[in-house]
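Every chain is named by a letter (A, B, C, D and E) in the order it is written, and numbering of its residues begins at 1.
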């Protein structure tokens, strides 16, 4: 676990980047590239979504919300898994950088969850005549938000950084095991009584242009996430390093 | 006592302790063999409690490690704990249970069978004759500490770690405890302790370590 | 491990089994000494469930339609309410530290604490819930399945809940924080448990739901004690 | 009172008002420092209320019929969950002793603690409850009355709850015991509060229920601080 | 100091203390005037804490009463409390607040205005310079006690009741506190205290009372 376990084998190279010292400048170089390409791609995606794509013959203009809604929903789930992965890595390797990554991912993940929920319910009002229905997918997205909130709350409630990292890592992992269980339980529950009163998957066969727009938006969101997460990790490194730097000065 | 015949060794190598971003002790090295009492000294907030908890494996050291008979205590885990008796700031006493019930439980945790007569004797010895069957909630500050300390008389473990064991004890109890520690060390036990009171011990090896000096 | 130190263990040391038994017994002993503790979860469930008819005007049809969700949600909340007790008093008085440095595996100790919690707060609900169900106009078949689903479900709740209890140790305002951590994780138990009762009430078979509940329970049995033990070590560090 | 000792008070002593302000401010300060505390009651309410649809199938009509009682009962439970916090940390660390021997009337000090509790746990519900109401398909008029009834009702809940919090001080397993003491006392608040919302949803005037709620609130304002202060003195003896 | 010019008197008449059905002290009489330190002695569980809490009006005596300047303290209520500074086993410190915030609150409770510079000075004096803005949770056992004791330097009240004030303090802090108590008594304050450590005080009147003898 620690460096002093005394093996003579040379360390694998990627571990070098697991040290905050090497990671910090590397991240610094990556951020501008990611940020700029994210801005460009998102702008282009929106352009396709709002102007190029044809009006849907069933849903009118309202459907254009899909270009934000669907990629946001994808990323809300993807980022949770990523966060749990880093948390687990942190617990196994006892690597501080992993914890920092997990911590940094959470806010972005929660933001995409919120965007998916809000755009979804904005869309739901014209489509289903209600802001909210208790459909399986909607419900599990809501629960995902609660899991993110739990993660934050726990981290905020513990002010010993070290303990906060580890405790919330355990929570993230437990949550990750539960996400699929929750998804299937909710799906099972909803199909018990009602027929498919609402089904999201029965959207009209997607025109190629729509798929293109959504994919571009998704890549844009991905780059945006990377940029923001790296920025947060850098702040975190600075904050913690200023503390550890003091350790031997006193 | 069962451990008498054995040779034990508690050692720290390059132990570094950090709490709340402050360095408390740096590259601490010591090695304690049978019959040694290590007496930690230091002003308030210099890291005595932190060091004791590190020795017990409750806190992980920032760097370095603690060894028991040559092996890292975190790897030994239960194999280390079955030799260790730790009494910290908190007495580990359930206020709803009586003194005897509390003792029975404490002993069970380290796998020691409970002998009612012997336990009653020790509590009598410690001046708790009247409180045997009261919930410990009804005991005074010092009486609660005595219940916690009774384990020292009942368990047969070679390493004691004591954090300010004299707190709240009156003169009489303080004496009794000091004699007990001396007897234990003379039989070959190892003790790590801290206290702000003056102590002078007659033991095979008496070492002092001052933190934050 | 040196040979030396291994032999130290006195010949007459207690078996793992009797140590674990003592841990379980003590928790129950402490709770019985404070009779109020045992009764409390029980009465909370009864009183809280009885609030719903008061809040909704007593339309019998509405009541029996609400019953499965209300009873199950209340069972869930009452288990949850008593969670913060699972480790906190042992933490506050230093016993938990002693448990971490006892010569038994922490996972087993944690499992005993969870079992004690279930016996004291989950199990009693299995017996009262059908009584309350009567007040909500549930039929015999529903009541049976309600009890069966609670029997499995409450154990799963204690297991999953222990993780939340361990993670929030020593943190102030624990009660509500535990709720936030644990309620989302409780959802599958709720869905399958209440689902089984709902299935019966519309004349379908509850077996599917019950076996899914069993699956959740077995997963929890395997993972929850491990996660809680890890969380406790972190809390004490 | 001898003249002697009366004059001792230094000329520059703080006014009662600023002492009371400090007590209120400190409670809020402590809570804000632990941001999670403030958010927690809030999220508990949201999550717990969302459990009901999961326990019952998602039939919109059943949901909107359940809504007033579910939302009100959940508001009541979330206020109650945070009650044990009202005095317990001050009790555990000795501050409460100091408050009892402070030179201000205990009743006023208690009133400040109650107000702080309401601001931190009751008031936020007034703002979220309508949002959750949307998920339960409630209409605009119902939502308005829901907020209005919660505004008065939650203050009454904090006041009445303080008695339970004070009575159970220093007793283990407080969470559930408080519930048993307090829930029966909460019933009038629940009946009038949920009653007002139910009235609107069947097209009647909510004014009767609301003014009865107001009456309960004023009674609580007068008597609850007195009772709590007495209970605190007993708890410390 | 404001109270210097006044004559005060704390008196107990026929005070009987009972706890858990046991008689702890019987018909206790004493009367303490300005400049007196009353030092309670006694083994663990003899009723020292019970007596101190009775003097503060936190416990009601079984029989007899405590008077302040001739009037029963339970009748004076707040008029008594505005003269009283009590520091018990529990520090009365909120772990989430910093040392300064805690002090501000403690002072407010007795109506004393808070002077930031003065408070900072006192905390510096007590060796807490580094911990001023840390939540007190992060302080060691002894540092927490110091924060609680800082009130003695900042409040201007004529009667101090101290239950084992030296607990957890290191030698340095113990000295400082002893000197503070002496200075206070020399200015005319009244002190009732207990401790298991030996103390010798240079004060106008030093009285000892042994319980459970």
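Keep in mind that, in the parts below, a contact is a pair of C-beta atoms (placed from the backbone, for glycine too) under 8 Å apart; a residue touches a chain by one contact, two chains touch by 3 or more.
Since this is a predicted model, take the numbers as computed values, not measurements.
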item: Chains touching both chain C and chain D; value: A
item: Pair of chains ranked first by number of touching C-beta pairs; value: C-D
item: Gap in Å, rounded to a whole number, between the CA centres of chain E and chain C; value: 45
item: Centre distance in Å when chain A and chain B are each reduced to the mean of their C-alpha atoms; value: 48
item: Whole-Å gap between the CA centroids of chain A and chain D; value: 36
item: Whole-Å gap separating chain B and chain E, where each centre is the average of the chain's CA atoms; value: 31
item: Residues of chain B touching at least two other chains; value: 20, 22, 89, 96
item: Chain A residues counted as touching two or more neighbouring chains; value: 146, 149, 153-154, 157, 186, 189, 192-193
item: Sites on chain C at which at least two other chains make contact; value: 34, 89, 172-173, 177, 180, 183-184, 187, 191, 198, 237
item: Contact footprint of chain D on chain A as seen in their complex; value: 130-135, 139, 142, 146, 149, 152-154, 156-157, 186, 189-190, 192-194
item: Contact set on chain E toward chain D in their complex; value: 2-3, 6-8, 56-60, 68-71, 76, 78-79, 81-84, 86, 88-97, 101, 104-106, 108-113, 135, 156, 158
item: Touching residues on chain E, where the partner in the complex is chain B; value: 19-20, 22, 42-46, 49, 89, 127, 130-131, 134, 138-143, 145-146, 164, 167-174, 196-197
item: Residues of chain D touching chain E in the complex; value: 1-2, 4-10, 12-14, 18-19, 22-23, 26, 29-30, 33-34, 89-90, 92-95, 97-105, 236-237
item: Residue numbers on chain C that touch chain A, as the complex places them; value: 163, 167-168, 171-173, 177, 180-181, 183-185, 187-188, 191-192, 195, 198-199, 202, 204, 212, 216, 219, 223, 227, 230-231, 234-235, 237
